[in-house]
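Down below are the structures I want you to see.
Shared between the two complexes below is chain A, which has chain B as its partner in the first and chain C in the second.
Entry: the complex of A and B
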């Protein structure tokens, strides 16, 4: 087990290295000159000076070596936009990103899993149909449109919820709903399919025959086994949310990593883009590792060597 | 027991009511401004307050310069009460206002000016806005409240540079203490001082009690970043912010009809135009012919575009520079006349000989590549697509090439041999409201022929007469003379017809009607120095 974890962590490091190198060269090859963007509406002389200031006048392999040296020392460089360290910029986004991630994952799990179970227990009934109808609805609605509608209703017309920003849990409600809508739909379908498969299994019939109560059978034996694919799905969704939800963050002026990234890309803030990539890729892979370890806990048949 | 319960409830509701009332009363002393761009730092020496215009808007309430721009971009004395310039136009003497203090208590005096100007002059410490600093030769304190500043050559840009955001004065003690961190610890002489700065998110300023001028009528001014336009409007309507900028035209009508809101519509300094690439060696031969360029102008119904794209919140361009730019004069019009456009094309040898709808000459169809930025200016793609359609109607085959905002700069400023566009939609904003500065940037001939344009003459227009006039105007310290020279230059440029001159959009700002003293400047800045709340 220990060897497994070590091996996985090494592979995470290798993947992060490949990702950050690809991004490093990729953004430099893409059109768009950070020096020009920093200098704005000024002359070419100013642009040249800005380029020197950003360290972009050095040959590309020298820039790469400097970057690698920095990463090893934990120094991700300085953001061209704010002149503060990239790590500081990213850390400041963590509370907002994490709050949105947690709130939407809670909504997803609390609404999606039980809905899927209900559908699986009563397939073909009115309930199943209605829930599936809502699911299709939630999947078809673009999340920013849902967000805009909610702002119009709950902030402008009713004045119940704040329309933008992150200042307390109240402000997380609408963004979380906007993000979670699609996720709840996906989770419900996932849970439903998985439960239906498990409910048809013989061992459940045996448990019922043994005299166990229906609920105990459904939850302890049925759901627990059905949950594995659902955990995968939830884990993947959480992983994607690590990078923030760009559209929702822009709509709600939510100061998370998504907004940081989109501003960095718009202004070609190379250091910030590289830093966010490293954090995002590394974080995502670590979540995957965590998920895999969870499987071992949930399913005793799973061993890792 | 019943009475105890009643008493408890009474106390509870009383307290709650008290809290709400005091909260509401306190609200009116705090004004919140929802900005469209993030505030990332407040130091004029670095990146000139990136994320235009947010940084400048905050800087202009925290700091002040020797002179300032009022609502109509006229220069008025601020930290300098009067000034003289020598006969040769190179020596400027400023008499400073006395009794002014910085937020940290440091007195404002000649020494402070010297520290700030030397910092600006040093290219290592001030990397941007060099245009406002490079002509200075020396600065010296003559006595505690008199400063002598000498330029390398006489230049008419001095006052507008000092009124510009580049000329704002920071406390020398703060410069000393914070160095590169001044961006997050701004200390100026303005009516509001820093309370807290959550970079990129929120800036909280409180009233500076020792301000030398009339104290603002509010205690706190908060700047918040709201990137999405519809959310900004929603926040204003919900009462979460008191003023917003960059209202998209299609949302403005709703706000105009709302009795709680006042709407400000100010013609900006940024004319939209279509640059026509006309480098003598690398441009298409057709575009070097003035008749073709005139035809392109007559082919476009500018009023119709203003109505459709800007919902009438724009003004037709009648000069290469915007109406409120210093030195603007009315130059003429190119009204919509597709017949005339076709005639001009025919005169230039372009006729549709093969009946495919596209004019041709010597067997070659007139095909132009139109590069448009996507997301750089409001309505950019919409305008470009409409224009392409009108040009096709007079027989010009236009291919649209959409480029992401960040990448357009590179394609605009590439060396002429590498230019891949014939037409491009572009807008220049002279942030010091100087017509001279605008003409210098866009219409002065590029000095070196095969490299990137030195500033923004990306179409490679060149007229030695215009160059002469601009250079003379630049060396003129007398503003009236300067205005005359610029006027002549403008007329010549207009008649040369180097671009398709379109229109000048309006800056649209909306605020609660109780908010008074808001200055919406044509340069796109919302100045909140003098606000008060009359509710």
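Entry: the complex of A and C
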């Protein structure tokens, strides 16, 4: 187990290294000049000074070596946008994004799994049909539109919830629903299919024949086995959660990493873009690792060597 | 001849049984009709302004209302459909065109090619989907070309991986070995024996990807990273409409419905197709999931 975790963390590090290198060279080849943007409508002199300030006057391999040296020391450089260190900027934005993602994850588990079980227990009924209709709808709706619909209903019409910003849990309700909707739909569908398959197995009939209570059979024997593919899909879908949160952060003026990334891109803030890439790719890979470990927790047959 | 008719009859019967294919297909056909004959149906040009009639709610003259410059929303959305479907069609077709052959060859041939493909695809998929599209569009440049390239880059890995996995599972099957023993060349085996067997799942995947492409395009447009205003792209219209959400919600409402319906069309089509191809799922309840 220990060996497995160490190996996986090493492979995460290698992948993050390749990803940040790709992005490092990619954005420097991209159109748009950060020095020009930083200097604004100024003279050639100003642009030159801005380029020097950003360290972009050096040859690209020198820039790269400097960048690597910084990363090893845990220094991601200075943001051209705010002139503060990139790590500081990212750390400032992490609580907001983390709150949003955690709330969405909780919503996904709390809504998706039970809804899937309900569908599987009564397939073909009106309930099943209605829930599946909602699922197909949720998968077809752009999440930012869902967010706007909620703002229109709950903020403008009813005045129940604040329409933007991040101050406490109440403000997180609408953004979290908007981010989670897709996840909830996918999870419901996965749970339903997986549960239906498990419910057809002989060992469930045996358990029922032994005289065990229906709920105990459904939850202990059925759901536990049905959850395995659901967990896998949750891990894979975490990427959609991370991606989706960017758009929602922009919509709700949520002070998270996603909004920071969009600002960094509009200003061609190279250091900031690189730093945020590391956070997203690293974060995604760590979520996948975590899901693999959960897998072992739910399924005692799995041992990682 | 008789057999052929029987086969077609059975296929039609099957199709009718899977209502989601029909509904999804009809929705998509409606959009294709709009995209083709759009300019004839739209009452105004997408950029025709009328500053005397701004932010009007839906009426008989403007069924979807007008936006902040008095442009007819229905006309703009119809023209927007052309952008969305052009981007989707080109990028998903290109992604399939790159992904399917690489997956097929890597899965069939194995060796270095297989190792390389798996590495590349796994690497690209370590970026969360939208993050990948955002970074790619930044690197390729904003605008139509960059947008299409970004979607190709983010979508070809999953298509290639699917083609690879299914092909690999088929590599050792008896009918392939038999074809090899009879002296069939690699190209013949790939095209005549393997491809027909994996075409179904690939079609499902491509249809799902097309829906995703519409969503990605609008998301990038909404973030201001796609095509630039005043192009009537759906995401761009949404981004402008957001500023008028409080006083003229109809802009956002109509645009959202138009986007969602098109994605729904692709999703339903894919779902129905999957059910039809997977006989195991046939006994299970409603066909909508």
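Rule of thumb we're sticking to: the second predicted complex is superposed on the first by the 296 of 305 C-alpha atoms of A that agree within 3 Å, B and C clash if a C-alpha of one lies under 4 Å from a C-alpha of the other, contacts with A are read in each partner's own complex, and residues count from 1 in each chain.
Everything below uses one rule, namely that a residue touches a chain if its C-beta (ideal position, glycine included) is under 8 Å from a C-beta of that chain, and two chains touch if they have at least 3 such contacts.
Computed from a predicted structure; not experimentally measured.
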Legend entry - First, second, both or neither for A:24, with chain B first and chain C second: neither
Inset, instruction - Classify the contacts of A:84 with the two partner chains as first (chain B alone), second (chain C alone), both, or neither. - result: first
Legend entry - First (chain B), second (chain C), both or neither touched by A:137: second
Legend entry - Which of chain B and chain C A:156 touches, first, second, both or neither: both
Legend entry - Partner chain in contact with A:164 - chain B first, chain C second, else both or neither: first
Inset, instruction - Could you look at A:239 and tell me whether it touches chain B, chain C, both or neither (first, second, both, neither)? - result: second
Inset, instruction - Classify the contacts of A:250 with the two partner chains as first (chain B alone), second (chain C alone), both, or neither. - result: both
Inset, instruction - Check whether A:67 is in contact with chain B, with chain C, with both or with neither, and answer first, second, both or neither. - result: neither
Inset, instruction - Kindly classify A:280 by the partners it touches after superposition: chain B alone (first), chain C alone (second), both, or neither? - result: second
Legend entry - Footprint overlap on chain A, where chain B in one structure and chain C in the other make contact: 30-32, 148, 151-152, 156, 250-251, 265-266
Legend entry - Parts of chain A lying in touch with chain C, wherever the complex brings them together: 15, 18-19, 23, 26-27, 29-32, 119, 123-124, 128-129, 132-133, 135-137, 139-145, 148-149, 151-152, 156, 189, 192-193, 196, 238-244, 246-247, 250-251, 261-262, 265-266, 273, 277, 280-281, 284-285
Legend entry - Footprint of chain A on chain C - complex, ascending: 123, 125-135, 138-141, 211, 215, 218-219, 222-225, 238, 242, 245-246, 249, 252, 255-256, 259-261, 263-264, 267-268, 271, 281, 284-286, 288-289
Inset, instruction - Please give the residue numbers of chain B that touch chain A in the complex, ascending. - result: 34, 38, 40-41, 46-48, 50-52, 123, 127-131, 180, 183-184, 199-202, 224-228, 230-231, 234-235, 237-240, 403-407, 409-411, 413, 428-429, 431, 441, 452-456
Inset, instruction - Name, in rising order, each residue of chain A that touches chain B in their complex. - result: 30-33, 36-47, 49-50, 53, 80-84, 92, 148, 151-152, 155-156, 159, 162-165, 250-253, 255, 259-260, 263, 265-268
